[in-house]
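Here come two complexes built around subunit A, the first alongside subunit B, the second alongside subunit C.
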Partner chain A sequence: MMRNGAIGRAWLGVRLFTGFLLIFFALLPRFSSTYVVYLTIHILILSLFALGFNLLFGYTGLLSFGQAGFYAVGAYVCARILLVRPSLLLGVVGGMLAACLVSLVVGALSVRHTRIYFSMLTLAFGMIIFSLAWKWRDVTGGDDGLVGIPRAPLVLGPLAVDMTRLDHYYSFVFFLAVLAIWFMYRIVTSPFGLTLQAIRDSEVRASFTGIPVRAHRFWAFVIAGTYAGLAGSLLPPLENTVTPPVAHWTTSAEPVLATLLGGIHSFAGPIVGAFLLFVIKDLIVRVTIHWSIVLGITVIVLVMGFRGGVAGVLAGLFQRVVAVKVSRTPEPIPVGSEGEES
Partner chain B sequence: MMNTVLYQGLVGISLAMYLWLISAGLTIIFGVLGVLNFAHGSLFMLGAYIAYTLYGMVGLPFGAAVLLSLAVVGAVGFAMERFFLRPLYHVDEAYQLLLTFGFVLVLDDAVKILWGGVFKIPPIPAFLDGAWRVFGRPFPVYNVFLITVGLLVGVVLWFLFERTWWGRIVRATASDREMAAALGVHVPRVFSSVFVFGAMLAALGGALGTPVRVVAPGIGSAMIIQAFIITVIGGLGNLKGAFVGSLIVGVLSAYGTLFFPVFELFFIFVIMAVVLLVRPQGLFGATR
Partner chain C sequence: MRRMRWTWAPLGGTVLLLLLFSQAFSAPPQCQLGVPAIKLGVQGVASGPHADYGRQIQMGATMAIEEINAKGGILGCRLEMRFMDDENRPATGVRNARLLVTEYGAHFLYGTDSSGVAMALGPVLKELNRIQFFTHAATHRLTEELVAQQGIKQIVRVSAPVYQDAIAAWVFKDNPAIRRWATIGADYEYGYAVWGLFRETLRKFRPDVEFVGAAWAPFLTTDFTPHISAVMAQNPDAIIATPWAGEAVTLLRQAVLMGVFDKIQVWFQAMGGSVDVLEGIAREVQDGRFKGKLWATARYIHNWPNTQTNRAFVERFQKRWSRLPNYSAETTYSAIYITKAAVEKARSLETDKVLAALRGMQIVTPAGLRVFREEDHQFVYTVPAGRVVWSERYNMPVLGDLRIFDPKDYWRWPPFTPIPMGK
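Moving on, here comes the complex of A and B:
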């Protein structure tokens, strides 16, 4: 009943477009340069990082400034595993699980607060992890970081896929990213995901209906941390090194910027934002090294005028087009995708 | 040994005075406007750069350079509040935080464009040069000057907020802005004045640092994290707490570099997290 006529056709369009994007990015290494492939791997990594962040921010209403901590745990643990045992899957899964474990502890403590106190607490935990990465030389290599990390082969039973070729590694990252994006979509459309949004919109009402608010925030935190860990563990095999800046709070700002750029209240927002962030950066640095002033101005303009981000603006247009097509029904379709709560 | 400990304590107190100047502004702005200003460290940095230019390059007297840098940074603060923050008071506070973060990116890069990379340190003004013997070691007169200024600012702030008409209006607005507005207080004007005042305090910290600290593009983001720690320890929005918090962090990092240099940063952030978990209102926050 909901998806008849114009709305149904519009959704079909969305699905076709998604399918086209999947095929395009799956085949990307066949028709583009090594540099583009390398850049796209970075975009995919940031997409996963930001997607996890936005489960906390856009869906649950908690602004974390410490996500780089979990990102770094993933990166460092993956690097250490690969230095001892060169198996890509072992490294990535190990890094992700380690980040998941750390976020269980940090999350249990952090969700005791909300709003600015939550942001400050996550900042403190993130910087605790940064100071360990920086000073705990025996484990992390101190300010030199860990170097010479191999892009180990993907070992699946008797099979071993060589990963020294960048396009192979791209396919591996792309496969994991699609899996993780699909899984996140299932999360946010599940009863759990809808409950998170209910908590975001009104904590009091949510708790009156019997929802265990803190437990929901906790699990959202753990999922976000695990996604950050997955993203982080994909980094060392690409770059062959890990250094303490991956844990710094300025790294925590990257998923924040990507999400803001793409759109906080759209599922695809963080992915669109990660893409735009890298493309804008790449275009600007060809002209000037001062790209962060451009980024800063972009952030200010977005916050002042377009709090729905680029994806939010597109989603609004999409809904408006659909609304015009079904305008025979007397009641207008609500266009509100900005959802400003104050 | 005893002398070393005492001397290092004094070094810590002079470090605490920069921290006090920057965190006082941060905590006042948070207390009244409810905005956690990420760009506060960048205003500190801007104050340092302008004072450096006027004093170290143009050759103005030190005092005049400091006062002029306060005026310029105050104007920048006014523009930030009036044209950018004010339209955002009605939306989620996360957006205010993100806006100030946007300003961090802009100001840090603008400074790089205008002034280039790292600078040499200009000479200490003659009348503040030299050293006194304290605890058997030479203690720079400039540090004595800093401690004096810090304490003076403390007294002035106390007087302003507790004894003047403006202070009463600000405190009334902080505790209930709707009620204050109903009583005829022009709340937006109070917000502007408080923001400008806080920005000038940050600039004062930055400007006074020029003859002894490195003036570099990164100092803003380094300072803002310290200021966050201090305001959290002392209680967000609590002025007295910010003063004691600055002393704690300043003295602790002075001893930290002496006794356990490796995990100094680690301990400071652990303290921040523990305070947030056990006493989120801060060590001295009881009223707010």
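Moving on, here comes the complex of A and C:
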């Protein structure tokens, strides 16, 4: 009971800290500058993008280099919808669903392979979408992209919330992000999520236990694509524009980097990584135009110094502290135990 | 002890007075705009294969700021600058603009090489309500669509847009021997717009010309041999090419190796008059490998116009940076002097007042007279086209045999109609 109490207190601490973070970020626009709000929206978008990616990479063991394709589909479809019909919810949902549909097709073709073959296939599909964004001028605007996308109001029945104010849009993105993070947490802790981890650890053993491995990979791929689409669809209303680089493989590298920085085996890893990536880069670019060298060195130091990612190391430390506390807590002596022994 | 103290007292007092006087005379004049300094946010591509263009933007801006500050600033206000790398990525350019305005407190923005970045910046400038002086990005949509149609008044362009590349039609229209034209084009809007404008302009004078082939090279192409072969298979008399910066150098060198200059009469390299391209092909020009058939233009060339203003600018630039200025350096340098003139006239840093001061502005810059066009916030000026020749004076290639045309002949004018895209 006492040991359970120590563990319970530790988890209560985690919940309180999470609650504090939620309140802090919910109230962020009230006490911070417009730029910080803008940057936090970007962090939230990358967090969603990287969370989806990590379902594939960290939980299923599939390294995709083509997630930017779905991100771009979400962004372009949302942009096209908003240019025709200015409804934020319609744009975001439309973008997300379009990415989901595309990931159904690409996933069906890609999950037949694993390891480097899977990675190369996803890279190829991603670059096909990039080429479409670049060449299909009538739809995508070519290299100049789509411009003048409105930050349309959020229409909920008779209620229409003005989104031209950045703090309003921040609240919308924050709400969606919290919802999506919660949903992802439910996925990875569900039997489906645990099965994905079993497949990651040993595909052969998983298949011998009767798990339909390919189907599980396929649905993980679709969920990851949908999350990428959701993240992408939040971008055009923020920037009022969408251009082909959002589909480029270098954009696919962003969730990879964020996840590696934060930790692939920690649920919060991609979120922590997205935060670190943006904040570190933002601090560096203020000081030097040779930011890429400094950022590269910083990332190397973080990846080598925090094996398992920053969130992974912090989670490990937390568990160790809890374990020490539990071990120091005296085990209650069962009543009458001496008599039984004698 | 007391005598000693009285001996030192007058001396100390004199030194103190001298110090006070010297401070009074050397103190910078009070800023009449009520700010500690006028802050300029500058961005351009400073990493990757086009980094030299961002570097030139930074050099041009730095030099203008140093000169203006040395003469007391603008209405007594010192200029400060922060330069940022936009990585040629629209998302980075937008983030930089927001940081420069909301965190750094920039009063004016400058630069931007890529048209994609420029187009992404347009709506953000409206939201931030800050003027950006664009000094390289060439897409016609920036001024025709975002300013003239959508009314984003915070956009002002100092550099020549894509229209200027149609100048080739004026240079070669009277040469009856050149009938078959082909293009090796940059595979994005810039390349299509140039080919479209060139064909449209040339057709007006020469109904007999044929446009026999087009090969499109994507961004960051390193092997142009398939494009050159495809175009040469059509036996063109002349080629107009739009890959720029390092890609232009690679393309021209590969064309030399493939013997293209033995078979054609003219090669027009759209932005080939830029310093980095001329430096890149210096050896081939010196060896006569282009056989005098290579022609080019740029948004500014350092050896024209032959005015005191330009000569002095080039001399100071060389002295300061040990390099010649390319067009992005000159346009950024001029943009800061345009700001100076506008702020001095407006006596304010407010966007609307500065824009009002820009109306009707005609200003002498190193590139010549620039005239503000109110409909699309475009500064109009002319740049010649010329043959690439070796210059002993500069010890590098320059544009010679210059052909100068009035901008009214080859620029587009409002009301704007869509450009017939070349692809």
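General remarks:
Everything below uses one rule, namely that the second predicted complex is superposed on the first by the 314 of 342 C-alpha atoms of A that agree within 3 Å, B and C clash if a C-alpha of one lies under 4 Å from a C-alpha of the other, contacts with A are read in each partner's own complex, and residues count from 1 in each chain.
Keep this in mind: a residue touches a chain if its C-beta (ideal position, glycine included) is under 8 Å from a C-beta of that chain, and two chains touch if they have at least 3 such contacts.
Quick caveat: nothing in here was measured; it's all calculated off a predicted structure.
When both complexes are overlaid on chain A, the residue A:153 reaches neither subunit B nor subunit C. After overlaying the two complexes on the shared chain, residue contacts for A:285 are found with subunit C alone; subunit B is out of touch. Using the contact criterion defined above for the overlaid structures, shared-chain residue A:121 touches subunit B, although it does not reach subunit C.
Touched residues of subunit A were counted for both subunit B and subunit C, and B has more of them. Of the two partner chains, subunit B and subunit C are each touched by A:134. Of the two partner chains placed by the overlay, only subunit C lies in contact with A:38; subunit B stays clear of it.
Looking at the shared chain after the overlay, A:245 reaches subunit C, while subunit B stays out of its contact range. Of the two partner chains, neither subunit B nor subunit C is touched by A:86. Of the two partner chains placed by the overlay, only subunit C lies in contact with A:145; subunit B stays clear of it. On subunit A, the patch touched by subunit B and the patch touched by subunit C overlap at residues 134, 292.
By the touch criterion stated above, subunit C contacts subunit A in their complex at residues 46-47, 54, 58, 83-85, 89-91, 94-96, 98-99, 102-103, 115-116, 119-120, 122-124, 127, 139, 141, 145-146, 150, 188-190, 218-219, 421. For subunit A in complex with subunit B, the residues that touch the partner chain are 57, 63, 109, 112-113, 115-117, 119-121, 123-125, 127-128, 130-132, 134-135, 249-250, 253, 256, 260, 290, 292-293, 295-300, 303-304, 307, 340-342.
Interface of subunit A with subunit C (complex): residues 33-35, 38-39, 42, 134, 137, 142-145, 147-149, 239-241, 243-246, 282, 285-286, 289, 291-292. Listing the residues of subunit B that touch subunit A in their complex gives 36, 84, 87-88, 90-95, 97-99, 101-110, 112-113, 221, 225, 228-229, 232, 236, 262-263, 265-266, 269-270, 272-273, 276-277, 280.
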